[in-house]
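Both complexes shown next keep chain A, but they swap its partner, so chain B is in the first and chain C is in the second.
What follows is the complex of A and B.
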């Protein structure tokens, strides 16, 4: 391959890169829908169809009380756009929230489980609202279209020039460039979300804590970790550090946390959400979540029960899991506030360890604590096996 | 040479398709461990240690016969791309009925279902062997409301489980009586 041809390819790529910059966008105005003749209107139409599927999905949480609560926090951030956003709570493990171009916001219950107070939730909701206001989905779509169009042209030109290999490298560069653009939008959403929650009177020092937790969870998790080159979001470390610097400039002594109300409003669902996490069997990640919930002041009896469940299910992986499970279940029972299933789980661990007398005691305690339990006949059958 | 290549490609494509065969309405042997009396004709396909019977398609309704899972076997195939380090629910010898119910629920959840709930775990004979039964509700990956029931037993340290699932509207109730008759007809060999 001659150096002249490579210089030609690089010059061509520079020209195309300069030419594929997307035009600036204006923020969405309250009540706005894009004009019918625009490409954005077509985009909204597709999103409307997606939203219809979301709206009718069984995965959406219908509980009016919880929906009204989250919506109330959202509307404190923005009265102007309160009616433009449809907020859907989606029952799903792991931390996630998303915004579609047409104002469809999805908040996963795994995210609600991981936020410690209203201030943290407000930061996430403000982040998602920014994606809508700044037309981020549309910007990203236009960016992808412009860059991939340019890439195809470039690949043809380099193939004709006999340096097709350069086109292959350009594909990688384009993929990286598209994701870099996406990361810039995430940075903007972090910043504006931060400003919105601070303006609404929430404590901005809470925002970096979300990412603090995400870092701890990712490090402890056994899920595969991706490369930053192809990541659509900045690293949690970068987000935490940026938000920490921003929070340092705020006088937030009088700012609100909304911790007690948040813990109270989410209490009745927390057991179900923790069960969703437990089923992922990502024990390192779950341990971080349990520690953070303990710190947030959630029901300690319930948390100890799930701590026991973590050790029981992890089993074998660590030598002292069985002893730790017993300890956690006993704490759940002694502390109070844990579910009656703590007795049954304790009985199963004892039984598995051959400690029949203790297993019998735990199963009897379960039947006493939950006489109407729908698996009572099964537990009574277990008791018969000890006779 | 060209024709042979085309035929080879077609054969490979056909081999990749799920192969169904007819289950006649008569006594059927499952995994060499027990028999059931089929009251209606079903379509059947096999995936390793699992035999799947359906009439309208497995997305709408299916009976899954897990034919003797050994220690370390999962109920369903591990999803692609989940990473080897991600723990996946597996059967372990000596599991109690509560453990098997938990294994079933977690496996269905890990296959993409939402809000999986199990209830009414109770002792129930599995042919001549002491076994258990329980009920299920969940949302399919696409959000469709599903119901299910399961019956099982450990025979010589292997797990034999029959899992019936179907869309709550129409399909689950449509074949439930037939499945109940299947369960009532189990004869362990």
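What follows is the complex of A and C.
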């Protein structure tokens, strides 16, 4: 390829790049709605409709007390924007929360399962609020629009100049650049979220712990790991390290954790949320969650039951899952606090191991512990099989 | 999002949005072959029964969205264009239905604004899902479902009687429009592409309408409109698009 052609392409590219600098954004003001003619209003319009679907979705947790509790933590971070954000608790496994351009915040129950106290949850809520305040949806859209606009002209120019291969490289570079911009916004959200929770009096040393757990989960998970070049978020390692450094600068001895109240408010749902995680069949990742919860110490009997379920459902011979399941269920029953299903599960494991007498005992114990259970007839049918 | 791990799994709501977007992309691909307005209607086998009085038809708020195509071909939703288009479509539909042998009932929310009450939203959402399914499986021959290939018997189910109870209507008319226009950057790209013999898509209009029996929930009539022209932002063009869409309405 001739250097003249490349110069022509580069000249055209720089000409176009000059025209696509995006204007700086200012924070959303309390009570603000974008003017109808703006690009931002288009996103609000679309998101208002998405919110309609979220609001009426069967996946939204309706418990008023729990909603009011999370909302209360959120409003401690920001009185000014408290009324501008609608917060939805969404029943879903995995650790996540999201913010839409119009102030619709979704917090997944998989997040509430993993955060150990109000301080950690507050850091996440602050992170999401930053996406709203700093108009991240809009910034990201303008960035994508400007970069893909420049790219298409560049590709046309390189194709015309007969060096189309350069345009192909440029599209990879553009995709990488768009994601790099997204990572920068996540960094900003981490930082401002951190500052908000610290200012509200929560212990900032709690924020890196969230990422500690995420790193361990990812290591143990059987889900594929992607390349950082195309990642929308910085690595958990980077986020943990940055937040650890930030926390080191804070005198936080008097800061609050909000642990007792958090446990009290979420205890009733923890079993449901753990069941959601079990269904993902990502046993490595779930083991990490169980270990963290066990260390935190609330209701170990319930956790032992789920530890048993993990072993029973995984059922790998070399891992000795059957014996471990029995051990965990027995501990759950001895410790107390776990669901009566521990008896039934124990019965199933014994039964499949051919230990009929023990299976019968376990099923009888289940019926005694949960006489009103929906599946009582089924378990009674099991018992008949032993006669 | 706070987490890239969770980001791979989408919430049910975003799944829905993505699902609809995917369908529109597939349908949109079919548009390239169309130069002008094209409609194709289906009538269910269940005849519209003779009734003693005039039929009462509930007009649901039309689902309209107008966007701009960027140079690279992405679409940017436009709130002001959409507001104008929605008003034009509503006016046109009202006028068109008034000319027919039916008593028109306009949808009114409890709050009196342009929203839809939660009680009715489920029917509205369901219609969106069924409508997009019809578009996908009835209009794209390769995707025809073996059990529905030679008949038209889609239904929203008995749940829609909630609309009958609230408004006393026999039928509900649902209308959906998406319209898009090219940005100046896109025009430049299309022109440069054309100079070198590459055809690139510009703006397009897609619409569908369905008439739903509010006793049985059956979709008794369905029509789809595809157009590479048109402009819902203009009252007269919104009127002609609505007219095309309702042209074979059995009322």
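The rule is short, and it goes like this: the second predicted complex is superposed on the first by the 364 of 387 C-alpha atoms of A that agree within 3 Å, B and C clash if a C-alpha of one lies under 4 Å from a C-alpha of the other, contacts with A are read in each partner's own complex, and residues count from 1 in each chain.
Basically, contacts are C-beta pairs under 8 Å (C-beta built on N, C-alpha and C of every residue); 3 or more make two chains touch, one makes a residue touch a chain.
Source: prediction; values computed, not measured.
In the superposed model, A:375 lies in contact with chain B only, and not with chain C.
When the shared chain is aligned, chain B comes close enough to touch A:222, but chain C does not.
When the two structures are aligned on the shared chain, A:92 is found in touch with chain B and with chain C. After overlaying the two complexes on the shared chain, residue contacts for A:108 are found with chain C alone; chain B is out of touch.
In the superposed pair of complexes, A:44 makes contact with chain C only, with no contact to chain B. Look at A:55: by the touch rule set out above, it reaches chain C but stays clear of chain B. Using the contact criterion defined above for the overlaid structures, shared-chain residue A:344 touches chain B, although it does not reach chain C. In the overlay built on the shared chain, the residue A:135 is in contact with neither chain B nor chain C. In the superposition on chain A, A:279 makes contact with chain B only, not with chain C. Chain A has more of its residues touched by C than by the other of chain B and chain C. Across the two superposed structures, the residue set of chain A contacted by chain B and also by chain C is 53, 56-57, 59, 92, 223.
Chain B makes touch with chain A in their complex at residues 81, 83, 85-89, 94, 96-99, 105-106, 109-110, 114-116, 119-123, 132, 134, 139-140, 142-145. The touching residues of chain C, when paired with chain A in their complex, are 1-9, 11-14, 16-17, 65, 67, 70-74, 76-80, 82-83, 115-116, 118, 121-122, 125, 185, 188-189, 192-193, 196.
Across the interface of their complex, chain C is touched by residues 36-39, 41-46, 50, 52-57, 59, 90, 92-98, 106, 108, 110-111, 124, 127-128, 141, 144-145, 148-149, 151-153, 156, 159-160, 186, 189, 214, 217-218, 221, 223, 226, 231-233 of chain A.
The touching residues of chain A, counted against chain B in their complex, run 53, 56-60, 91-92, 222-224, 272, 276, 279-283, 314, 344, 348, 351-352, 374-375, 377-378, 381-382.
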